[in-house]
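First chain A sits with chain B, and in the next complex the same chain sits with chain C.
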Partner chain A sequence: MTVARLAWFAGSLVVGALIILGWQWIADAKLVSPVFLPGPDRAWAALVRGFASGTLEEKLFGTVERMVYGWLLASLVGIALGAVIGISAVARAYLAPMLEFLRPLPASAIIPVAIALLGLSEGMVLAVIAFGALWPMLLATIHGFAAVEPRLYEVSRALGLSRWSVIWKIALPSALPDILSGMRLGLTIALILAVVGEMLASRDGLGLWILLAARSFRAPDLFAGVIVLGLLGFVSAMILTVVEHRLLRWRATR
Partner chain B sequence: MPLALVVVAEIAARSSEMTSDTLAAPTDIVLAGIRALGNGTILAATGQTLATALGGLGLGLGIGLVFGILLGIFPIADKLMEFSVEAFRPIPSVALLPIAMLVFGFGYRMEISIVAFGTMWPILILTRAAVAGIEPRLLEVSRVLGLGLLARVFKIVLPAALPRIFVAFRLAAGVALIVAVTVEIAANPLGLGYAIMSAQQSLDPALMFALLVWIGLIGWVLNWGLVWAQGRLFGRAAVVEAAQ
Partner chain C sequence: MTAVDIRPRAPVSAPSTTPLIAFDRVDLTLGGRKILEGIDLTIGQGEFVCVVGPSGCGKTTMLRLIAGLFQPSAGRVTYQGKPIAKPRQDIAIVFQDYGKALLPWRTVSGNVALALEAIGIPKAQHGDRIGGLLAKVGLAKHADKYPNQLSGGMQQRLQIARCLAQEPAVLLMDEPFGALDAMTRQGLQDEVLDIVGQSGATVFFVTHDLEEAIYLGDRVIGLLPNPGRVAESFPVGLVRPRDQLATREEPEFLRLRRVLFDFIKAAEA
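Up next is the complex of A and B:
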């Protein structure tokens, strides 16, 4: 982080502040009805109020918990399944067309099916999150395993490694960059599906909260909720970036 | 393999003589699909979904392109906007659903605005990268020729960045369909998402699964068509550019 970069970042912060000022100005001049667009001051007040009384915190934890559990479940299943499919050329040839067909299916389209099977329950929301976040990880893992340098497999055969240690010692590390980018995509999907799931199944969380705020025309609360959701997306992506840097440090920097 | 699964499901459903509110035999699903196709309900719903997805995609494409090109051409603006872009981008598009509901009520406009928001970001980010990655000599040429800003955008920048912009467009088209269906399932009484929701609520699993297959089919055809168009329009250029 050089001085110049810091200066640019400060500049971009100033521009961000100017945008917020512009928002305030539009709200104060009532160019847009205050029912729809509360000023940043009112949204901020709602934010502070929500966190002070603990309600917003509670909703936030509900959403985070749902998102993380669903995402972890999807990661485990996705990587394990992806490894099994990716390691064997036969399984790839059999399953790849079907997976390619399922991939563009919007994950949210599975929600009605999940409701029919599991009802409007916590398990339904988790299942939908896990299902939606599964695809990017599964496909990334398969792709990562398929793209392993063939010589590494030859080396492992020469060393007489077992199938298990081939996966563990060779294929998994070299597929790691693909897997991590799949996990990043999966996390975004998990957040979106957590919000949708809460809205539909009335599970306590940020998604339900902003929906109820909109229905009762509490626009400041609504904007506060959206801001928290944006922050949640931002922070979770940032944590993954840090983890990625840590895990991939052994790779030659490009 | 998928065929074998379908046959197994059929046999299982027939042999157990299942009457269920949640599952249906594959033949029933196909029949329900054909029936719904025949009386036009599926087609009407598909039209609504595609109209909103395309409308939102068009809007998002316009906004994303303009900002992406501007930020790509002027690195200063890019650096100054960095914080604002990074602050708005991670907001999940469905989080805007309640806001759009407040402002527009139910209907096309509300859905289009959300789709536009969802598609705008991938286009903006990838266009910015594509424009910033243009061979600098091309820009030098344009400077030597004394081209104005508009001429530079239309004669140099757009053609050079087009293959990668098309990749962004393809991604965004997938996002548009997903967001449209999601909005319909979550709230908006329109289109395929709503149709599948009401099939579930009226305990008609055959129709529900038929719609699910149909949505998957549309997504697949859309993706396949765009990949084909990409290969057709740009040939190897797209492949090479995308790999960079």
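Up next is the complex of A and C:
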């Protein structure tokens, strides 16, 4: 790490520490009622207590499971469907208008529909997560497959590659950068919808924990839940960054 | 350059050898426009044919017909007497835009492996084959690099290596050195002559560089545009192996250079 980067990193730590200090000061001075705003000390204590008793861990696991399953489902459908649509100009022409209509639809808007169809079930939450997370992946994959260098298709024809080989060895790796950025967006959406889904359908997880803590004025628990959610988002994004760096090694080698 | 074990070719090889590729009154219309008209051309086994002509005369289109990427609207393009219905693995194409023709996400060896995978060589044999091919084009030390870490000349060498992996009987080269600087280009010209001399492959070489055409070819075909048609065939009476300095100073080279310049000038007028 260079000196400049180290300085930036140190700077960001200082800013973070200052924000926490300010938060502590506001809480201590009781500018906001302690019923609603616990200091970082009480939030931390609730966090430790939650993990010590195993409750918070359990909720975290529930949310992670939901988020990951929904996201994987969306990835599978998004990439497969995106590949089919992206590779064929005819499919694009037929399906693009409908996709453009469905895409801007907020995923939360379909929750009532999903509830009507699937009830307040785990399946409903998963369906909503998958539906919401699907779009960025689907559109990115379509774009990635449609943007494959035409010369590479000629090279494949000249080499006599099978249709399957062309998809697997040419189109998919070529579309991979687009697909990965779509998956990154999708993961964020999956986390949001996992939390919303838990709140609406009373499925056990961090979302429900936060909602119940707020309703019973357990502000430290509420904040502990929010902190865990923030960390979850951060860590999952970091894991994806590492995966992306590994898979797209060839890009960084200029 | 290692110009050591080249089989000397016959000084002038007009299509005296067995015909391998033949255009038989070929027309090609694309999007309502006539690109080629009445093309008649026979290319002999092992012949090095260079094609020149003003832009829009259908040089590349002829190459794509042999490649099986296009089908003629009328007439036939045959290989060993049979029409070329689709691309064949023993006919390899070297594209001009090497940057687009290579897989940026595969290493140098990975790019060569693509051709081996296509022709179904067992994985166990890849290492040796790739090593041999990369050595042949002088990329042995760069096997684990990615294309974007290579210079233009090296990328084009890599594309040539990938084509050689197909063990082609015919090499189709579409202005392969057009984007390279003069020194690199001369080096690659000699390497191609070397490789072709060793393998005995037939070459169809499209270029806009007249001197390159004379230097490389057994024969130079001059095309005329609108629609593209074969105007003249110029046999090249230069001995092989050729030499960047000596060959280019020979009276025959200078004579052909003059003739071809006049031809292109007239064709463009």
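Note that the second predicted complex is superposed on the first by the 251 of 254 C-alpha atoms of A that agree within 3 Å, B and C clash if a C-alpha of one lies under 4 Å from a C-alpha of the other, contacts with A are read in each partner's own complex, and residues count from 1 in each chain.
Going forward, contacts are C-beta pairs under 8 Å (C-beta built on N, C-alpha and C of every residue); 3 or more make two chains touch, one makes a residue touch a chain.
Computed from a predicted structure; not experimentally measured.
Partners chain B and chain C, once the complexes are superposed on chain A, both fit on it without clashing. In the overlay built on the shared chain, the residue A:V242 is in contact with neither chain B nor chain C.
In the superposed model, A:V3 makes contact with neither chain B nor chain C.
Between chain B and chain C, it is B that contacts the larger number of residues in chain A. Of the two partner chains, chain B is the only one touched by A:M98; chain C is not. Using CA centres, the angle subtended at chain A by chain B and chain C is 100 degrees, rounded to a multiple of 10. Contacts of A:P173 after superposition on the shared chain: chain C is touched, whereas chain B is not.
Once chain A of one complex is fitted onto chain A of the other, the partner contacts of A:A29 are absent, as it touches neither chain B nor chain C. Figure legend note: chain B and chain C, brought together by superposition on chain A, show a least Cα distance of 20 Å. The residues of chain A shared by its contacts with chain B and with chain C come to none at all. By the touch rule above, chain B contacts chain A in their complex via residues 1-2, 21-22, 79-84, 86-88, 90-99, 101-103, 174, 177-178, 181-182, 185-187, 192-193, 196-197, 199-200, 203, 205, 208-209, 211-212, 215-216, 219-220, 222-223.
Residue ranges on chain C touching chain A, taken from their complex, read 67-69, 86-89, 91-93, 95, 97, 100-101, 103-107, 114-115, 117-119, 145-146, 148-149, 166. Contact residues on chain A toward chain C in their complex (touch as defined above): 149, 151-152, 154-155, 157-161, 165, 169-170, 173-174, 176, 248, 250-251, 253-254.
Chain A contributes residues 8-9, 11-16, 19, 35-36, 94-95, 97-98, 101-102, 104-113, 115-117, 188, 191-192, 195-196, 199-200, 206-207, 210-211, 213-215, 217, 219, 222-223, 225-226, 229-234, 237 to its touches with chain B in the complex.
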